[in-house]
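Here the chain labels run A, B, C and D in written order, and each chain numbers its own residues starting at 1.
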Amino acid sequence: MSELETALHNIVIANRILAHQGVVDAYGHVSIRHPLNPERFLLSRSRSPELVEERDIMEFTLDGKVVGDDRRPPYLERFIHGGLYEARPDVNAVVHSHAEETLPFGISDVPLKPVIHVASSMGPQIPVWDIAEKFGDNTNLLVVNQDQGRDLAKRLGEGRVALMRGHGFAAAGGTIQDVVRLSVYLPVNARVLTTAMQLGGRFKPLAPGEVESRGHFNPKAPESWGAWEYWARRAGVSHLLGEMP
Amino acid sequence: MSELETALHNIVIANRILAHQGVVDAYGHVSIRHPLNPERFLLSRSRSPELVEERDIMEFTLDGKVVGDDRRPPYLERFIHGGLYEARPDVNAVVHSHAEETLPFGISDVPLKPVIHVASSMGPQIPVWDIAEKFGDNTNLLVVNQDQGRDLAKRLGEGRVALMRGHGFAAAGGTIQDVVRLSVYLPVNARVLTTAMQLGGRFKPLAPGEVESRGHFNPKAPESWGAWEYWARRAGVSHLLGEMP
Amino acid sequence: MSELETALHNIVIANRILAHQGVVDAYGHVSIRHPLNPERFLLSRSRSPELVEERDIMEFTLDGKVVGDDRRPPYLERFIHGGLYEARPDVNAVVHSHAEETLPFGISDVPLKPVIHVASSMGPQIPVWDIAEKFGDNTNLLVVNQDQGRDLAKRLGEGRVALMRGHGFAAAGGTIQDVVRLSVYLPVNARVLTTAMQLGGRFKPLAPGEVESRGHFNPKAPESWGAWEYWARRAGVSHLLGEMP
Amino acid sequence: MSELETALHNIVIANRILAHQGVVDAYGHVSIRHPLNPERFLLSRSRSPELVEERDIMEFTLDGKVVGDDRRPPYLERFIHGGLYEARPDVNAVVHSHAEETLPFGISDVPLKPVIHVASSMGPQIPVWDIAEKFGDNTNLLVVNQDQGRDLAKRLGEGRVALMRGHGFAAAGGTIQDVVRLSVYLPVNARVLTTAMQLGGRFKPLAPGEVESRGHFNPKAPESWGAWEYWARRAGVSHLLGEMP
């Protein structure tokens, strides 16, 4: 399979995994930076993630313009993706989700911190981006132009995830497997933290070294590939997986 | 397809979507104002929403009387629908649900406010209608006559949703797609708000401009149609969708 | 269908409904008083409710003795059923469940009160039976003899449900449809009450007249039959339903 | 069936049950002490539990070395199993899980106590093992060598379960049926306790005699076999069950 074919398959797999795991619902999207041209990214036409197929995928420039003569309606919020790819050359895949469990932390002044090892790649604390800070109180909270995408990317900084107040989160990864895994466990981490706080005692988040120590994510390691395979099978797209590395 | 056929299909789709999404269970109902006669509305015979088919749909006058010689038992609470259509010429579709996540706010003095953008159409704060205020402490909480339906409509006012104490909610929309979307995200908003309050810090609801700014809902916009299509597919009724607009 | 055949079908339907709705899991059971002999009751052999079939049903005397030459292992806790039938001639069906949502109220001094109309038949407040009060601190909490069943029945009194501390609940009804409906909505009521209390404000339980006013449950009323039919269909046992009344 | 065949079948059944019940997800594992050689244990190759088949099972020495010429990648954390078998001759089966509901108690100073009878075998209070106490703040929290496995076993002591801070739990049993049942009900117990604490009143955990009194678990007793059979059927592996005892 060519690099481009693999990328197209992986976008479909990622959409289906996140839909099946409940991380995205009618809304939400996943993109990959174009493997042959870093100034472009690949993203489905406007479509619910569970329904995305290979033929739905469109190509965009980093400022969100459709490449070529493709007249299908794109996602309004493709600027989330473009903004992040533009600011972060190390990022090759982006997820945008409204995952319910993360939303309370997006509207609260209580910070979302990592408390479980499967979410250690989220970093020591997730920043919250409030669209109203720069764009005022009269938006519909959607990221609908490059300015807004860039402002979100600025809040993300060198991190992996930013919460978007009243809206969801944007997550970035070096690989699609990495950002999908993070997107699966971020809501779990949010629920565990929420419950730990409700217990009323003291609780211990991950130590800085435990957050740091996870190091580079290798999607080809047996335990990483195994999770990716498992999620893909459950989502009914194992035929797109290709050879086990 | 004629306007009436479309309305009948859409009632079935809406019932199945709301059942599949867990917004209604054994109980709950959805109606559409008759597209050819605004003094009438269409509603299933007394039947659990997941089982509703086209042939189950009956026609009612706004005061809840069965039109024609249809002797099948209607819902006891058809007056919720009649009351709202009578008071609100702008309303063309109504949902009644016992959605669990909204019930705590119906019995509490803590108000249900919008905190996420997908629920911004619910308005700045949801009023609670307590049947006991006017009809006393000896009802079974059901809306079983036009007086009660009218009193509920009065509490709704110019809004989109009213909570019914100890019972559920009634939601109104300009289109069936609009009110179904609101009914899907109202429980999500309730859960997010509940959790944000449990975190114990301060939280930020949507700003007035963010609630207002959503403007007129267009069910034919790609992102709105996409969600409707997605929910219908999951509920197994995509064959009733008709042409994509 | 004979009265006995109907009873056997209904036990199967009830077991499957409660399993499908998550009210029972590997454990839990449902019985019916023998329709031809009020001194006997019908209950499955020891088997997880989702697996119960007509041929699994055994006959017992009210003190829990197997009738006839049936050597299949019965449930250890059949005395819950016998105790209730013995004490309450008006009771014709009994459910025992470990439904998770009710368990916190069984170990807490916070009372489980009705807050939603679909659970109004539970009565104004659910008593808690603590096996340790009479039988000490060294039981395994199971109701394994007639003495324990009688003590539980005494705590139930003239009510519909008793919580069993650290264990579950026992519910009683005039008909199997009535007690199944109550068993489905008791956990919902528990969750709603739990959340309302977590909101931190004041909340309003059902008024005494609202609890009282529900009156006699008629399983043949369209809305009651409709719910029974709906739950049976979802559980895959609609072929056992018989004629709609 | 030989003892070894039964063990291999039971490992598959256990993996599938725990996956189906949501106790394990992409990660987690189950082992059995080799029935013919107590110095060895059987465990799947690195694979998500829902996908484990008989041919995936590998053999290990108690210090986690692969037996024979099997070059398939093993779980990184096989030392959890080896550590427990080495320290506890009475233990014949081990489960490692990230079950979400137990995680808050692993990071909190609020202890996880038994409050429901189906979890009474967990013991009076679950100890928490914090890898950082002995191995510092720079691990990735995984148990990746025998030293760490032994330290975990020490914290378990004579108990049945230890929580692992920020990670999950390790549970041990005399039989695979016993440890699976405990692993199923431990998360339920955690949720019930969490909710009881949120109610804000006083609550009553199981008394010492109620924890003690459960005695030896007999997987062949009708009620125990029934639960095992039920879970296996739901998980689609009833064909591996063998004869009912």
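Assume contacts are C-beta pairs under 8 Å (C-beta built on N, C-alpha and C of every residue); 3 or more make two chains touch, one makes a residue touch a chain.
Computed from a predicted structure; not experimentally measured.
Here the chain-to-chain distance from subunit A to subunit D, counted in touching steps, is 1. Averaging C-alpha coordinates per chain places the centre of subunit B 32 Å away from that of subunit C. With centres defined as mean CA coordinates, subunit C is found 46 Å away from subunit A. Within subunit A, the positions touching two or more other chains are listed as 198. If each chain is drawn as a node and touching chains are joined, the picture is one closed loop, every chain linked to exactly two others. All chain pairs that touch, listed by label, are A-B, A-D, B-C, C-D.
Every residue of subunit D that touches subunit A in the complex is listed here, in rising order: 26-27, 46-48, 50-51, 73, 75-76, 98, 100-101, 103-105, 107-110, 130, 132, 136-142, 165-167, 194, 197-198.
On the side of subunit C, the complex with subunit B involves touching residues 115-118, 120, 184, 188, 191-192, 195-196, 198-210, 212-214, 222-223, 226-227, 229-231, 233-234.
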